[in-house]
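I've put the structures underneath this note.
Two complexes come next, and they have one chain in common, chain A, joined by chain B in the first and chain C in the second.
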Partner chain A sequence: MKVTLEVKPRQKPYLPIEAEGIVPRTFFEGTDSLTVFRGNKELPLEEIFNVAIEGEAESVDEVEIIILGDSSRIKRVGEYMDGGRIHITGDIGMHCGNFMSAGEIVIDGNADAWLGREMRGGRIRCHGSAGDYCAAGYRGEKRGMRGGTVEVFGDAGDFTAETLAGGSVIIHGNAGDLSGVDMKEGELTIMGDTSRACANMSGGMAYVHGTVNDMIPTFRKIGQEKVNGEPYTRFSGDIANRGKGTLFIRNYKYLD
Partner chain B sequence: MKINDVVCPFCGCLCDDLEITVEHNRIVAVDNGCTLANAKFMSKEQLASPIRRTGEGWENISYDEAIQYTVDMLLDADRPLLYGWSGTHGEAQCIGVHVSELVGGIIDSTTSVCHGPSILAIQEVGHPGCTLGRVKNRADVVIYWGCNPLEAHPRHMSRYTTYADGYFLQNAFRERKVIVVDVRETETARVADEFIRIKEGGDYAVLSALRAIVRGKGDVVPESVAGVSRSQLERIVTLCKDAKFGAIFFGLGLTMTRGKYKNVRNAIELVDELSRHTKFTITPMRGHWNVYGSNEVFTWMTGYPYAIDFCRGIAFYNPGETSAIDLLARKECDACLIIGSDPGAHFPRGCVEHLAEIPTVVIDPVPTMTTALADVQIPVAVSGIDADGTAYRMDGVPIRVRKVIEPTLPNDREVLKSIHAKMKEAKGQ
Partner chain C sequence: MTELLIRNACVIDPLNDICGEVMDIAVRDGKIVESVGSGAEVIDAGGSLTMPGGIDSHTHICGTKVNFGRYMSPEDMRAGRTARRGHMHSTSGYSVPTTYGTSYRYSAMGYTTALEGAMAPLEARHTHEEFTHTPLQDMMANTLFDGNWPIMQAIHDGDIRRAAAIVGWTLSAVKGFAIKLTNPGGTEAWGWGKDVASIRDPVPHFEVTPAEIIRAMIEANEMLNLPHSVHLHCNCLGKPGNHQCTLETFDLVPNANNKRQSLYATHVQFHSYGGSSWRDICSRSEEICRAINSKPQIVIDMGQVMFGKTTTMTADGPMEFNLYRLYHNKWSNHDVELETGSGIIPVYYSRKNLVNSIMWSIGLELALLTDNPWQCILSTDNPNGAPFVKYPEIMALLMSKRYRNEIFGTVHPDTEHNVPLAAIDRELTWNDIAIMTRGAPAKALGIEDLGKGHLGEGADADIAIYPININETDPATSAEEVIRAFGQTDYTIKRGRVVCRQGTCMVDGKNTTIWVDPHISENYSMDHDPEFAKNFDRYYTVRMSNYPVQEEYIRRNLCIETEAQL
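And now, the complex of A and B:
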């Protein structure tokens, strides 16, 4: 089954649309009255999108949703997704793929903040850049993302993989400040630069293939090790937090 | 007529020992207060009636018209923002929550631009706090981190710390050690026993280093951390560990600099670590007199302390998304009611521009910078001067602010009540 949702122009284009109903399961189970919210107004899906559904599906995994047009202010697409595929051809708003447990989301453009928040499983690939709190947790929550994979081909914002507690996060560009802060488990890979990586981590593993600026001063230097034949410094910490995490860093600078 | 024990409705200290002299329903003298208090009590330029913007300027309108305008504006909007609240009393904040819920809007207080990060940190790791009275009577080490009480909370040091007598201290002034941590040498730093000067953006690193040293793992810490030598950090840790009772106060230098709430979290975790050796507490230096009250009221009514989104009928909370600055900067709201705050004076430019574009109503006694962005302003009595109500001090102690002169205008509570009643009527409830 192929579901094509084309975003219509809106009178107030900046007001966010909350569309947690846009997940493969909704279309697999059939929808006559799917609604989305523009602020406090509940609207039929058709008022925001041109909707076209082709074909049938035997299981949720056979459902593919394609989102066309300016979806940069559409929030919560793919929330609690448990199978199937969502392909976003432009940018996507906040909270895309919150809590998803299976399936795949592909974003051709950029993703706004909280991409894959508290994700449990499945896969997100973002070909542009991601905002702050990519693959992170929620306010006050001790554990964030617990499983699955988030891969960002551009840059990611601040607090990437905050409170990471499982799964893997790969940022091909640079990550912002405090990436991997408070992480507990799982694996974070940053191909470019970041700053203050993995502050207060208690466990898990991180690789930074570029430079960590303002390196947190409470990681214990274990020594030089080779990663793919290149020399890296291995750290363990965060000692301030009785942490047992491991960091492999190509270059680092302290704020001294 | 002299009135004793008046509460000052200006900063989070909520000093309750002012003496006000009133003649012919006018305040003529203020004693015991600081200069900020004097300015607040003696200001005179209240608006006399609600005003509405016309093509060329402003026209006076009646309270009924102004309230009707506000109700229509809120009901027409898809995502209205109700912002401010720290300059009004708790009873009015309560009605504000009811109005927000009824209209399906977002309610946020000035917390989101001052100590919001402190609350986010507290939600992660808790709050080892205490009352100011306890600090006054017991603390022999006081740390001011990223705040300048001598200028922002002028009587904090004389009422609660450095210059105050302490019941359990023989000679409080001599026995109390004051440590100031800041990026520049402030007035407060000059009276401190120990001043730690940190490079900008280095608070987090210094806090981490202190935690490691307290744990006896100082060997991992480099010689210098963000401009502070390891030997000074070690000296501070010894001072703290030797304290009988330590109190940390922190301000926007910690909450609004790089890392924001993670800085505060690190500070709380330092307190946690120190409390394995002695007694330590931590308190945010709340700015507006009743900003803490907004958090208390919102929390017991909605479950969340600020930035609460009622658009979907239930409370949703996510500062960064549902906080005023972010909503305005991203143009995600389409009407705004402002009460007890002056965002026109201190919000970033993009936010102010959006406020000017959307319909905005201000409830405030005096013309402010925000008036310039508004379509309607409704003047009200001033809480603590000609209106009474409940406020929360920076340590969470509720204090009733009094009315010292008779009002000539309705107060926030009354105006909001009429808005709420009219709105219910319009919704057929």
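And now, the complex of A and C:
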């Protein structure tokens, strides 16, 4: 089954749309009355999107949703997704892939904040950049993302992989401030630079292949180790939090 | 004139010795009367259990500390979200819900009156503002005096009449209801980086002991003729072996009032631990209950722990700091100038954890081993032991040995070696539960004469009708029925109006704040005491003239005026 959702031109395109109904399962189970919210107004899906559905599906995994047009303010797409595929050809709004447990989301453009928040499984690939709190937990929650993979080919914002508790996060560009803060488990890889990486981490594993600025001083330096033949410094911590996390860093700078 | 007639109500009203009698209840203008005219609105209870509105005599639902619990736990707000509907505001939160959430949930369970367990006098305005927005319960505020500098100074000088005068002045200034002592002296000592390890341990600088504070405040309480007794959270909360401290505290209590108790000891579950460390902690509920059974001058509440997520919040600063060191989770501690302090920590009570399982067991043991249900009130110290929405489950646990055994089978396997619960066969009756949630709290708080906690003529028409027939239901074998029935009333009636119908609140509501104003002679009036004024200006960050809570903070209110023997 192929579901094509094309965002119609909107008079006020900056008004966010809450569209947690856009998941493969809703279309697999059939829907006549799917609605989205704009502010406190409930609107039929058709008012925001041109909807085209082709073919049948035997299981939820055979459902593919393609989102075309300006979807940069469409929020919560793929929330609680448990199978199938979502392909977003442009940018996507906040909270894409919240609580997702299986399936795949591919974003050709950029993603706004909270991409893959509290994700349980599945895979998200973002070919552009991601906003703040990519693959993070939510306010106050102790455990964030618990499984699956998030891969961002551009940069990521601040608080990337905050309270990470499982799964893996790969950022090909740079990550903002406090990436991996309060991390508990799982694996975080940053190909570029970041700052104050993994503050307060209690477990898990992180690699920074670029430079960590403002390196947190409460990590114990274990020594030099080779990663793929290159020299890295291995740290353990955050000892301020009795942490047992491991950090491999190519270059680092302490705060002056 | 509005009239209401409730027909075929199966009434349990312990204060009037009515137990399971099917009768009609007539209400006129919010009061219970002998009879009403034929034009009255009629509710047919159909033989359902009908009781006075529930009274929670120790709960933390309004004030700065509760609000800080909300503030530091945004994740708690993700639970229990409901949308706006009819007269109901939107709500959110589980262990520290929004004020409306608290009010609606209490009302759905048939509760119409609640006592906020701890209000720092300096922060009274916030508490009263939240009272205004808890519209379906009449509210009272326990006022904290555990580390009050001028009072400790007066006790040190041996001038208990002066201590009483300061209490009286403060209560009427902040519109408080009763004296609350939370770890007396301990929070002040913590300001010096210490705690008090026993009731004989002096507070730094003031050189008074908790025992002296407790005894003096009991005496002061009686001098002021307050409706409620001293409301005490004993020292050493949550420490293994603290039952000694609790027993010593109970030994201090004279029988100073023949109408009610002289000491209300709150959440005694947290004060009944044996052993010397977390490894050998055990229940000492039997000794505690033996003391209570022999001392009619003491009333306790359970402070039952139920498994699951909650938030602990208390004015006991050092205890919360110890908890923080144990859990290593987020934590907050506050200091309230020269009065008290507070601490807040989210916790998870797990049935797989031996200590938590023992705590769960001790609360139940206290209720089951206290012979006289008038001396043990049902509470969870909401939200410290569990959110109050767990009350129906606690009632079922107390009423059914079978249900208790079933849950006992799911807790940590070593629990049975540390607690006597498995050997207790007592099952509480419907009447016992009515006493523990209506009669006893009303009597202990001294508000039964105001028409609270009973259905006699002239009483406030606060009535709860539960969808259960007590003649057809055996609580010992049908715990689910009991939980369902106590979880949601058919009708909750407040001041003669149906405020909640099967969980849906029907009115915006407007509550009453009950407070006390002791009349003190000019000689002891703190308004004209130069030393009190001098120290006030010297140490407080507010002016003495700005300190009292203005009338506009308390909308509808009921002032209990007492004549102090001063």
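Throughout what follows, the second predicted complex is superposed on the first by the 256 of 256 C-alpha atoms of A that agree within 3 Å, B and C clash if a C-alpha of one lies under 4 Å from a C-alpha of the other, contacts with A are read in each partner's own complex, and residues count from 1 in each chain.
By our rule, a contact is a pair of C-beta atoms (placed from the backbone, for glycine too) under 8 Å apart; a residue touches a chain by one contact, two chains touch by 3 or more.
Small disclaimer: the values here were computed from a predicted structure and weren't measured.
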Would chain B and chain C fit next to each other on chain A once aligned, or clash? clash
Tell me the contact category for A:K142 with respect to chain B and chain C: first, second, both or neither. both
Which of chain B and chain C A:M100 touches, first, second, both or neither: neither
Between chain B (first) and chain C (second), which, if any, makes contact with A:I171: first, second, both or neither? neither
Once the two complexes are aligned on chain A, which partner has more residues of chain A within touching range, chain B or chain C? B
Steric overlap of chain C with chain B in the superposed model, located at which of 135-143, 333-341 or 459-467: 333-341
List the residues of chain A that touch chain B in one complex and chain C in the other. 138-140, 142, 241-242
In the complex, chain B residues that touch chain A: 77-79, 103-105, 120, 123-124, 199, 201-202, 204-205, 207-209, 211-212, 215, 217, 220-227, 258-259, 262, 265-266, 269, 310-313, 317-321, 330-334
Chain A contacts chain C in the complex at 138-142, 241-242
Counting only contacts in the complex, chain A reaches chain B at residues 12, 14-16, 18, 37-41, 73, 94, 113-114, 132-133, 138-140, 142, 177-178, 181-182, 196, 199-200, 214, 216-221, 237-242, 254-256
What residues of chain C sit close enough to touch chain A in their complex? 72-76, 78, 328-329
